[in-house]
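Just so it is clear, A, B, C and D label the chains in written order, and each chain counts residues from 1 on its own.
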Amino acid sequence: MSDRMRIAINTGGGDAPGLNAVIEAVVLSAYNKNWEVYGIKQGYHGLLDTEDIIRLDPNKVRNISNLGGTILGTTNKGNPFEMPVENIAGEVEKRDLSDRVVQNFHRLGLDCLIAVGGDGSLKIAHDFHKKGIPVIGVPKTIDNDLSGTVVTFGFDTAVSIATEAIDRLHSTAKSHDRVLVVEVMGRNAGWIALNSGVSGGAKVILIPEIPFDMDLVCEKIMEGEVMGERYAIVVVAEGAVPLGGRIVHKGSGEAGRQEVVLGGIGEVVAQSIAAKTGKDTRSLVLGHLQRGGSPTTFDRLLALRFGAMAIRLVEEGKFGHMVALAPPNVSSVPLEDAIGTSKQVPMDSDTLRTAKDIGISFGAPE
Amino acid sequence: MSDRMRIAINTGGGDAPGLNAVIEAVVLSAYNKNWEVYGIKQGYHGLLDTEDIIRLDPNKVRNISNLGGTILGTTNKGNPFEMPVENIAGEVEKRDLSDRVVQNFHRLGLDCLIAVGGDGSLKIAHDFHKKGIPVIGVPKTIDNDLSGTVVTFGFDTAVSIATEAIDRLHSTAKSHDRVLVVEVMGRNAGWIALNSGVSGGAKVILIPEIPFDMDLVCEKIMEGEVMGERYAIVVVAEGAVPLGGRIVHKGSGEAGRQEVVLGGIGEVVAQSIAAKTGKDTRSLVLGHLQRGGSPTTFDRLLALRFGAMAIRLVEEGKFGHMVALAPPNVSSVPLEDAIGTSKQVPMDSDTLRTAKDIGISFGAPE
Amino acid sequence: MSDRMRIAINTGGGDAPGLNAVIEAVVLSAYNKNWEVYGIKQGYHGLLDTEDIIRLDPNKVRNISNLGGTILGTTNKGNPFEMPVENIAGEVEKRDLSDRVVQNFHRLGLDCLIAVGGDGSLKIAHDFHKKGIPVIGVPKTIDNDLSGTVVTFGFDTAVSIATEAIDRLHSTAKSHDRVLVVEVMGRNAGWIALNSGVSGGAKVILIPEIPFDMDLVCEKIMEGEVMGERYAIVVVAEGAVPLGGRIVHKGSGEAGRQEVVLGGIGEVVAQSIAAKTGKDTRSLVLGHLQRGGSPTTFDRLLALRFGAMAIRLVEEGKFGHMVALAPPNVSSVPLEDAIGTSKQVPMDSDTLRTAKDIGISFGAPE
Amino acid sequence: MSDRMRIAINTGGGDAPGLNAVIEAVVLSAYNKNWEVYGIKQGYHGLLDTEDIIRLDPNKVRNISNLGGTILGTTNKGNPFEMPVENIAGEVEKRDLSDRVVQNFHRLGLDCLIAVGGDGSLKIAHDFHKKGIPVIGVPKTIDNDLSGTVVTFGFDTAVSIATEAIDRLHSTAKSHDRVLVVEVMGRNAGWIALNSGVSGGAKVILIPEIPFDMDLVCEKIMEGEVMGERYAIVVVAEGAVPLGGRIVHKGSGEAGRQEVVLGGIGEVVAQSIAAKTGKDTRSLVLGHLQRGGSPTTFDRLLALRFGAMAIRLVEEGKFGHMVALAPPNVSSVPLEDAIGTSKQVPMDSDTLRTAKDIGISFGAPE
């Protein structure tokens, strides 16, 4: 290891609260060791177009830990290993530009790369590691679907925002005797829906891990009606699926001829509840509100700890590893252990059991 | 006036943060005068079905000012003067049940009614006033479209929630070089859009009062692009309309045959921006998040002041009047002055001028 | 007026949420007119030491409206008209350095000064106006004690923070059957105490405008005890005074010999309540929490409007005037009308009447 | 186990956000099993005076999870095993009233007790367990000083409130070039100070686990001064102690004669910094703000999970055990393992290392 390491850092994939906190801790920790840090802009794009690199010193990052977004930008422009490029004929074809990234990396005299990202970005990081760039991964996902770490930053914020939204909807639902359906993020995992639904007091939670039966959903809602609770909150994960496949909602075309799914799964569920129960039912998609803005204190601190740990891993030379949380401490796992499989809610999850214990329905037989 | 007034109170129309604070102040103020307060449940329905009335004493209302919703419930079930009722043939017809309300009011020995509501509910209140029920109105609207009062409770909360959402979207828009379109409430007025758009740093704000030209909207966005601001927030009032009428968005039917508007105006604007500028553009509808949950301190205090003022108006015998805000004090105006016309953003509005001064576009020629 | 105005702006006195929003709107509005803006650092110090001036363009201020503090810094270092300066003998004497400020102002080719500040800073601004610097004032105070404007930015945030604190204390007070005394800011006015106390459901509010009688305070607390409310929140303005002058609290010196006031008025009131009622009583001083951090949306928007209005006043040549709020619009008043007298809570204040109506005691006979 | 368990629940010790969420989950979970739950008021007092017991059913607890405090009340009135009681002579003596508690417990036909509390309350619970009351403990502390569980509810909220306060103070400190000293809770452990100090970007953190040297504290502050950071936040745990014992601050008595400590350790540190560095320095005690009010979503969910787990432990008959968090799941540990030792920040704590890595000083040699 050189006396004065030159460390690159980038952030990739979807926005997540805490990215700037990782950057802050990386830069301040490196500064304390008299090392240099260079920020690669826009994921890996900054290493294709080498102009997009900035020297990061303490003055540039101090107290950014509470700011949403990432000062380095992120990107959905594609994977350098199969980058969409327009050829002379005007057609888009995928080309492998990874060698150019590696060459630029070495030409700039960089010693290693700290890659902050979700499963997609970490997979790319791992591929670059195999091509000779010493890489340390830092896991990031609001969806909590990454293996190898108990949790990562971004998730607590997403759950908190969703819970606060549910709280707000509660009072309106109650004042109007309404059913309110909230669609939350989570990709193919139900973590955000489960945690925010339990916290916010939902009556029904629909998650990808448990295919739901619309009749059971409506039964649960009408059961509350009988008990005098004339309103309900239903939380639906964006990846939730009905038993036996996809709900198809009839559009406004000629009868029987045309079927169009209007809106996402939340709207579909809402329309189905309205049709089956006769209750005034509304739906809402939280969308990008869940991934922007300031992190919760929990995520901010976790991200700072992850950033500092990344520099410790550099010091230890544990390249090819990813920072992970093994409460109460942080640790590390090989990158390849983390990127293969997505983490869904297991059926013996304690939070899932809690939900069932306190009477929340998942639209499935007990 | 009897020694011991028996005061009824109801809340009508859409949910608004601050309703419970009005109720709290009405009950505590009346208690101090040794008067009785009765809560009518579900708007006017509690006076159709007289079981739905509860005695309110201090213990029932203390410290509810911060709770969202209304402990009395509200309703959209209809106007007692033209109530939808199913007849023997199973058809729904509108019937005037107002006499029954008046009879029940008197039979219960009630002396007056404090009606908390928006323009619809206050219009009904005024009609009952003309039928002999002594009424005091308390204005409520998150949309700020009520005449006769500078502002009323609910609006500050709605603007705050919308602004906080815009703040969250900012960081994501910036990290991803995206355009984010946010559709906010406001009915036929642009107040929420204007105030949250200016506060949150929108680049474009579309309001009903200023029909917009999609080309000018896109020009503004691309102008930012040239200046290096590769992202933008566009705030769209739900009542915003394009110059020359409605945007029609092509659905997925057979070419040219079928035109379906998918989603609200926000989604339409987003799709149009994406098509015209090629920018990655997403839309979000804030919906009921804007009207539920705890009030801001501003709304909570205003609602408490309105509730106390309502009791003072009862004491002064100013029936047929509505509480109003004439900063820094509260005052009152005749109900009929308030209910006729809806208040839109005037072209000489100071906030509108501020928006233009700081470079925000309304999608119209200057 | 020159074609291309060169406008200076400074911020003076205590921190207030919204200062950066004023700066943002001033700079963006001026930019739209093709004018230049220069930020004077540290109040008037940047014009004594002319190095401390920075050119402000849109990129430096965009989206700072939500940040607490002021990017220009502020100062308590003194008034340029009577600046404490150490002389050769090492003694501190006050010297009038105002000519130097005026000379530097003109030497830099500045056309006018937008001075954002409270009564102290605005008084200095007015003095410079009389010495030939064209000045526009922008009122700033968290205490709401400025005449000439219905309200100004900073106050809503301070009241909100104090109310949120009271809400938090409520649950602890109730769980433990305690009296909690909260001391809030406000200088010689009771606005923050009054508004946060009413919003937060205090049982007693002590303000400078109404000298309090400790026995009446304790009577009120014990009256609640009888009614089954075994806890109470008491809000005390930092400037509150007991009837007949200052409470002196006995310190730990020899009996009768030494009297020391420990802590502020909040602590004194708490100890007195504990002694007289035997209730478990705790006190808390909110202090600087009330003046730091992000503004509420209300304050942020008001500050943006004030900033834009300041530029309009420059355009109209209304120097010597101060921006003011005359709801629903902003207007202006002569600086000298604003700076003379501090605005206290009038005895016919609607909020004060509300407090009394809902049963809050001010520790004085009704 | 009887078919229809009759479960008692109480909450003891200091207020902590999340107590109501535990109660909600206990009641809803029990209801699902057709068991009964009885709330004991005021810690163990409800079992001394048996009037103070209420039947809890779902309607009494639904959606209280977000409310601060505890609907059962808590108490500091003393330990039933050594209760302060006034004897005939008017002297206070400690008496063992535990038999009366046990008798009442059995007389009421209760089957077990879920005791929610900190180390003091859990110690008492364990003593009752040894006297024949089947007990399940649920750990509660904002201070994070309980052994046997990685963390418990209340702590995340306390850290979040402290961090938000530090964020607010940052802007004021920076605007005024000030040092701001914040004293936070934590008893004999530094967890709140450490976590909020790292999250909030403190320059110095003083915790009980690391005795501090005032000269090193001031060195750190002046080091920032040289680097152009003319302000600093110092976070002090209430239990922090200087190297070699207690700082004594000179009071206003005659020189050398009298030494009085004014205020807490935060004020003492602030005065010392002001004296040694000449910087404008202020101090603030957060106090009870840290333990009241709504829980964060993290704490709310954790508390709900703990409540549901408590009922599962009842079902399994694991009396004498305490619910614990072993991420990602909840588990249980014997009560006696949890109550003996208080958990301080270990020197190899990952967060402590993070703090040092990013340049935060603890006022001690590295």
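The working rule: contacts are C-beta pairs under 8 Å (C-beta built on N, C-alpha and C of every residue); 3 or more make two chains touch, one makes a residue touch a chain.
Treat the numbers as computed from the prediction; the structure is a model and nothing was measured.
Engineer: Give me the step distance from chain B to chain D, shortest route via touching chains only.
Structural biologist: Between chain B and chain D, the shortest chain-hopping route counts 2.
Engineer: Centre-to-centre on C-alpha atoms, which chain is most distant from chain D?
Structural biologist: B
Engineer: What is the distance in Å between the mean C-alpha positions of chain C and chain D?
Structural biologist: 34
Engineer: For chain A and chain C, let me know how many angstrom lie between their CA-based centres, rounded off.
Structural biologist: Computed from C-alpha means, the inter-chain centre distance equals 42 Å.
Engineer: Which chain D residues touch at least two other chains?
Structural biologist: Residues 164, 167, 170.
Engineer: Just spell out which pairs of chains touch, all of them.
Structural biologist: A-B, A-D, B-C, C-D
Engineer: Using the touch definition up top, name the residues of chain C that touch chain B in the complex.
Structural biologist: Result: residues 24-25, 28-29, 31-32, 58, 62-63, 65-66, 150-151, 156, 159-160, 163-164, 167, 170, 195-196, 198-199, 201, 229, 296-298, 300-301, 304-305, 308-309, 311-312, 327-330, 349-351, 353-354, 357-359 of chain C touch chain B.
Engineer: Which part of chain B faces chain A closely enough to touch in the complex?
Structural biologist: So the residues of chain B in touch with chain A come to 11, 14-15, 19, 67-70, 73-76, 161, 164-165, 167-177, 180, 251-253, 258, 260, 262-263, 280, 282, 284-285, 287-289, 291-293.
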